[in-house]
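In the two assemblies presented below, chain A is common to both, partnered first by chain B and then by chain C.
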Partner chain A sequence: MTTQFRYIGKHRRTKEDPRFVTGRGRYAADIALPGTKHVALVASPHPSARIVSISTDAALAAPGVLTVLTGDEFCARTDPLYVGVDAPKVTRYALARGVVRYAGEWVAAVVADTRALAEDAAELVEVEYESLPFVIDPEAALAPGTHLIHPDHGTNVLYRRKFVWGPVEEAFAKADHQLAFRATWGRSSTVPIETFGVTARWDPVAELLDVWASIQMPKYPDQTARALRLPGNAVRVHFDVDVGGSYGVKRGIKHTVLVGYLAKKLGVPVRLIEDRLENMRGGDMHGPDRFFDMQVAFDRDGTIRGMKMRAVDDVGAYAGRSPLQLGKPVGAICGPYQIHAIEYEPTSVMTNKTPQEAVRGFGQSPTNFAIERAMDRVARQLGMDRIELRRKNLIRRDQFPYLIPSGSSYDSGDYHTVLDKALEASGYPALVRMRDEARLAGRLAGIGVATCLEPSGGNASFELLFNPKNETTTWMDSCLVRVDLSGSITGVMGTSSSGQGHETLVSTVVGEILERDPATIRVIHADSLNALPSNSPVGSRMAIMLGGAAAGAARKIRDALVAIAAHNFECSPEDLEYRDGNVGIKGAPSKMLSWDQLVEIAHRKFHKMPPGLDPGLQAQFVWEVPTGGGVPTQDGRVQMYPCYAFEAHVVYVEIDPDTGKPSIRKYVCGHDCGVMISPDIVHGMTYGGIAHGIGASLYEKFAYTEDGQLASGTFMDYLIPSSMEVPDIHIVDHCTPSPLTTFGQKGSGEAGYLGAPAAIANAINDALDPLGASIDTLPMSHLALWETITKATKM
Partner chain B sequence: MKAAPFEYVRAGSIGEACEVLQREGDAVKVVAGGQSLIPMMAMRLVRPGWLLDINEIAALKFVAMDKDAVRIGACTRQSTVERDQELAARVPLLRQALAWVGHIQTRNRGTIGGSIVHADPCAELPLVARVLGARMVLRSTAAARTVEADAFFSGPMMTATDANECLEEVQWPAWGERRTGSAFTEISNRHGDFAMVSAAAQLSLGDDGRCVRAAFGLGGMGQTPLAFPQLAQRLVGTRLEDEIVKSVAHDAAAQSDPGSDLFATAAYRRHLAGVLAARVISAAHAQAGSKG
Partner chain C sequence: MSEELYPIEVEVNGVQRTARVPARLSLVDWLREDLRLTGTHVGCEHGICGACSVMLDGEPVRSCLMFAFQANGHRVTTVEGLAQPDGSMSVLQDSFCQAHALQCGYCTPGMLIAAQGLLNTNPRPTDLQIREAIGGNLCRCTGYQQIVDAVKQAASRLSKETAS
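Moving on, here comes the complex of A and B:
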């Protein structure tokens, strides 16, 4: 498939790497405006308390201090932040007003000449608190009579609904067997090297707020303006700031509203760059914290008849879009399997913890983990091979497009082949022998397999599904392509990038269509006032959406060039041939207008332009998500994302039985995201995604103490795997093109992460199987593994 | 994460450093590699009035081979020591332990003296110092004195160093026995993290294969790194059979009183201590035996 392309799918130097590798990235902390003042924050030490009084006198008297802002002033003069579900009383501002709801919540902001002076003064802000009851455990938060995080809301439940898709009770009644278990996903996140940072400057004459931020957020300029009670065109977000890692979490809306307010109030540029402690505790960037009560009905031949999934997700003390992370998995609720009857009960609950933010996969990886644990448990109960069970239930390649019970149609796939390729690359029979020999030698060894989906092409269907008052049915993206007088091409995109390689994407796609070398094509980021309607690089959508938009714009340029040639040759466009940017008459090589000649006509020679064609040479293309625009049915069926990438993981682990220490000895990932525009970028994403999944499954957790304090607020305790923990990873590509996209591409920004935790959990459980032990709680720390082993061997 | 205000002074000589310590006493923190101190200052967990920088003092950077010991200047980088082949032959346990100290990058800055004076009960070098019976030379304006490791480490992050004193050098005993073996291991969640439990052992065999000298210890199991000279003595005269090794390791674990934290309960630590102590004694035995 890829051979038909000139640039797509080829190993070419990316546009971004030279800048990053040579240290020429321009990040939020590199924005140094003259006269910038710096913010430090006063954070609540209590998980739940009433603010009795705040004394700022000593802080204000400290050297270099401009102001100390508290919630009373700030909340009166700004509007609360957006809530993703229908919970208007769950108000949220950057600064607490009256009460604090988690340890680390911001209570006051100090602005001073330097960050160090601001921190000195922040220590002098005296806050008197009166402790209130608090709740950390999500099940306790659901219990009647418990402490309410937001009393005006009347409950700690932000969202709950029971969806029934298909004949669930019938499936359970007729199935030969059932099983039930709980799978628990620990509170982890994507923790970027660069914390969130933002600089804002208010121009009182132009009445314009300029914002430079480390941002990856849909509707960020709009939400900033609304919260600051400014017109949308009074906020200009500069999207050309490099972002040092995100994968979902770089939302920073509360930071931005705070800094925007301060910049406007003080009339000077103001900057807030979170330090690591603020980022981990008060940056509102924790990921899903979720348990699943799973029930599966299945026949003795391994056919899965039905599944019931109750998912309880602890979003912490406030809601942004986080409850919607229970909604996105509706689009792939049965995984890659033919399961016709599904009950899904998502419950979003608040506790006195740091708020949750979007994390890579938007809730899909925890769901995949639960489904894949269920598959292994079914196989174990039946005494059936786990791979055979999967083969039996996987959707076959002749069944696409495949409509799942919750209303989404899967576009394409060849799951059996990808699984087979991954098994082959792993040397599976030898791997089994290795495991069995290790077991004979007294070691704990296991093989894990997981087959998972990555929904891609993000639209907003879950917003409607989870909030009837929300009628967002478009999540368009756009691109502007411009050819200047010299014949050079520039692509303009309308959002920031957070490491996904969009400049490579746009230049490759435009180069492909226009048959011009992508290395010569420049790609820039418009600011938000210049940008065409765009969302942001979330939901594994940009290869599809920005790639489609860039291709659409480039096609318009190409059509214009052909039209100019046709006008000058006085022939029909059908008689012409476009090659390398030149346009000539088919079969008559001498009759040709070169790229340079065509560009000059477009820019200078109006007399040679065909009627109706604008002079100059630029084109824009706004693209709606393929299959998008639908609204949910009464029973909650809706088409979510358009495209479905597939991954099959095969992992070999050993656990030291005496210490509980796991080690991953082999890692293979079979991956099919359709046509890869840049294979190197796809592979890079996948390597990183697997490393991230290793973290979520074995190491990373935002743990809380019984007294409501974050116990893992630094990199000493929040354990991101290093190169010492991540093994060699072997990726096996496969390509099933999507019929819905420009080149057959699907998304891949979440690749690896969506299956790695499931595969590793299955491998660990396979290793524990000879002991009759199992573990279904992530992360599976050394301690947890040792305790599991000890408990089993003592029985 | 900006340090609270402090005065900074860079000493050009040991004498100059001692004068600052004499004058400012408790208010001073000495910085060398800064791999532990600077993050603690950035988090404002430590707030020195004065930061005394000894990085420019050449007299504190040396590795000297004496007859019975290797003397290492306090400000000698860990990576320098790690790459010293002669030292590796004389005090192999030190080299083995250094591989577990942080990462290559941190060892390029971190110093031998800094790790010893920081006295983290989980840290590798204090454990080796305890097991081998290293001697710390402490200098003040008035005099120098030598403190044995068992008296030096007085509690978590606490040592016998007086407020007016600066660690000048560490003397690591070199064993003369030909058939000497050593081993170091630890369990941490990730490589380079602070150990949940660490273990070190060094022992020598006679020509008949019997143990003639033994030392071992455990880190992360109490307020300071622990050595077990009496239990080690039980190994002497034996052929280090599995039963005696396990018994000694078990007793060492049982004698310890570790704490619990996020990553390890006391029970887990005690279990690991028994496992790791047995492993290092056996590994040291195997190494010594290979010098047949």
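Moving on, here comes the complex of A and C:
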């Protein structure tokens, strides 16, 4: 498929790697402006309390301290942060005012000459609290009469709606069988190795706030300006800061507003770098914390007739965009299966926990986990092979584009083939023998299979679906391509990167279109005042959106070069041939204008320019999401993301019955994300997504104690898989091009993570099956597995 | 500012450095904030993630768990000191680029230190030995696969160089 391309789909070194392996990356913590002052935070030890008094005298008297800021001043002089759903009374600021709503919430900020001095002084801030009732359990938070997190809002429910798509009750009435179960996704997150960091500097003469941050967030400059009551053009975010991992969560808007305020107030550069505990407790970056009450109606031949899914998501003490993480799964609510009747009831509830932020997949991975557990349970109830059940229900290759009940059309796919390829690569019959022999030898062994979708391309349709007052229907991205007088090419993008290799993406695409070596193309991250519109790398969208925009801009350059040649040869563009940047008359090799000559004309020789063409050589292209712009119907049907990548996971797991320790012995992932622009990058993100999925399914949890304290605020209790837990992973590629994108590419930034937890959960349950035991709660920790095994073997 | 300062003398990437530091200053903060060697990163500040790994007298250590004063009289190598004498990338650094053994790059300096530490003592490591050597360095981007590939590649290239 990729042979038609010169650079796309080929192994090539990335543009970014050299600076990182030589220690020349430039991350937020590396920004050191002269005279920078440092912030330390005072955090609430209570999950819920009234702030009786704050005494800052001792802290202010400490060495090197410039100021101590509390919520009273800060909240009066800034505006609250953006809320994703219609809940105007759920106000949120960087600093608490009057009450605290979770343990770790920031109460005061101390600014001093060094970080160490600021921390010393933070310990001297005396806060008197009066404890208030609190609620940690989401079901308790939903019960009538419970303590309200935000009394003015009147309820702990942020969002609830019941969608019915198709004849659900009829499907359930007519089906041969039904089953019901609860699947629970534990509170975890992406937890990048770099914490969030930001430096801000206010120029009082220019009236301009410069911001350097480790950020991955749509509308970040706008939201910063709005909260600080500044015009949008008074905030300049420098997107050339390298971001040390994000995968969704690096949205330190509250940090930025706080630091921006302090920088303006003090007239000096101010910097805040989270330490690990601040990051995990008060950094507001926890992920979905969700349970699903699932009901499935199915026939004895394995046909799934209908599904009911009630999803309750505990977003913690404040809203942000987090309730919308229940919205994105609407676009792939039936997974890769032909399910014609679906009821979906998302409920977003607040508790006294750390707020939630966007996590890789934006809620899709938990949903995939619930659907895939349902598929395995249906197969088990019918005594049917799990793979056959999937084959029976998977959408067939000849059915695309395929309209699902909730209104999205899947663009393309070949699910059966990808599943077959994954099974073949896993040596499936031998894997089954290995499992059965292990079982005969008395070991707990299981195989897990999961087939699921990665919606990609990013679209904001869920904003309008979940909040009719928010009429966001575009989620564009853009690129500017410039050819200078020397003939060198520069691509300009308008967002920061957190490991996705966007400079490689843009240079590859521009090189492909202009037929120039991508190694010679420079790609820069413009600051927010210089940049074209971007919505940042969210929603697996940059291959599609930035790739499409870069291609569009490069095509304009190419067209301009052809037009210049046509004008000078006095012929029609159709008579010309573009090759390697040179333009010549077809069939007449001597009649050719070289790249250098064409560039020279564009920059210097106006008398040789065709009328109507601007001198100089640059072009910009703003691209709207393909299929985007739709408005939901009354019953909540809307085209969500444009492109749908597919993954089929096959996993073999053994569990030590004495310790509950699982070990993954084989991992195969069949993956189809259309045309891969940079296969090394796609594979890398898929490996990483699977490793992250291993963490979410087996190890990682932001656990809370009964008294509302975060119990896993370090890497000693929040367990990120190391190279010893993540096995050798085998990826099998397949390519079904998307008909909607420039080169047939789909997104892949969330690959692997969207199916790994489902596949591992299915493997663990297969291993437990001979004991008659099952487990549907993530993470399936050693302890949880040991308890399940012990209970089953004692019975 | 009444903090007492202590004199130290440390060889950092081949250059003798002298400084007066407070007792509580960590090695990583000294390297990053005072010497501006920002290639070494801070990830957890409690010794688990390995992002701050540097070589101390040729062996990988966590610079967040050491005081700068403890490095007095020792030899420290950071990622900035891994390049070849002519300034070009080391074989390991080059192999990381070739295998795309990184994405965001944040854990990379620590990974390079851990992997270089392995290759210094074990020029032909098995996959498992590589995984063990980097087992104390967390990476959130790569799933470790391409890192293992890169270290294998580097070992193979280095052994060919030695043979020729």
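The rule is short, and it goes like this: the second predicted complex is superposed on the first by the 795 of 795 C-alpha atoms of A that agree within 3 Å, B and C clash if a C-alpha of one lies under 4 Å from a C-alpha of the other, contacts with A are read in each partner's own complex, and residues count from 1 in each chain.
As a convention for this text, contacts are C-beta pairs under 8 Å (C-beta built on N, C-alpha and C of every residue); 3 or more make two chains touch, one makes a residue touch a chain.
In this text, all values refer to a predicted model and were calculated from it rather than measured experimentally.
**Q** For A:Gly499, using the defined touch cut-off, is the partner it touches chain B, chain C, both, or neither? Pick first, second, both or neither.
**A** In the superposed model, A:Gly499 contacts chain C only, not chain B.
**Q** Is A:Asp275 touching anything from chain B or chain C once the two structures are fitted on A? First, second, both or neither.
**A** both
**Q** Quick one: classify A:Met716 as touching chain B (first), chain C (second), both or neither.
**A** both
**Q** Once the structures are superposed on A, label A:Glu624 by its partner contacts, choosing first (chain B), second (chain C), both or neither.
**A** Neither partner.
**Q** Could you say whether A:Met724 touches chain B, chain C, both of them, or neither, answering first, second, both or neither?
**A** both
**Q** Which partner chains sit in contact with A:Ala116 here, chain B, chain C, both or neither? Use first/second/both/neither.
**A** Touch status of A:Ala116: both partners.
**Q** Could you look at A:Asp658 and tell me whether it touches chain B, chain C, both or neither (first, second, both, neither)?
**A** So A:Asp658 only meets chain B here.
**Q** Between chain B and chain C, whom does A:Ile690 touch in the aligned arrangement: first, second, both, or neither?
**A** In the superposed model, A:Ile690 contacts chain C only, not chain B.
**Q** So which one touches more of the residues on chain A, chain B or chain C?
**A** Of chain B and chain C, C contacts more residues of chain A.
**Q** After overlaying the two complexes on chain A, where does the chain B footprint on chain A coincide with the chain C footprint?
**A** The overlap between the chain B and chain C interfaces on chain A comprises residues 116, 275-276, 714, 716, 722, 724.
**Q** Mind pulling up the chain B residues that touch chain A in the complex?
**A** Spelled out, the residues of chain B in touch with chain A are 1-5, 43-44, 187, 189-194, 196, 262-265, 268, 271-272, 275-276.
**Q** Taking the touch rule as given, give the residues of chain A at its contact with chain B in the complex, in rising order.
**A** 115-116, 119-120, 123, 275-277, 658-661, 699, 703, 711-712, 714, 716-717, 719, 721-722, 724-725, 781-783, 786-787, 790
**Q** Which positions of chain C touch chain A when the two form their complex?
**A** Those residues of chain C that touch chain A are 1-2, 22, 24-25, 32-33, 36-46, 48-49, 51, 78-80, 82-83, 89, 93-94, 96-100, 102-109, 112, 127, 130-132, 134-148.
**Q** Please name which positions on chain A make contact with chain C in the complex.
**A** Listed in rising order, the residues are 13-14, 16-27, 29-30, 32, 63-64, 116, 190-195, 242-247, 275-276, 498-501, 680-681, 683-692, 714-716, 720, 722-724, 726, 728-729, 752.
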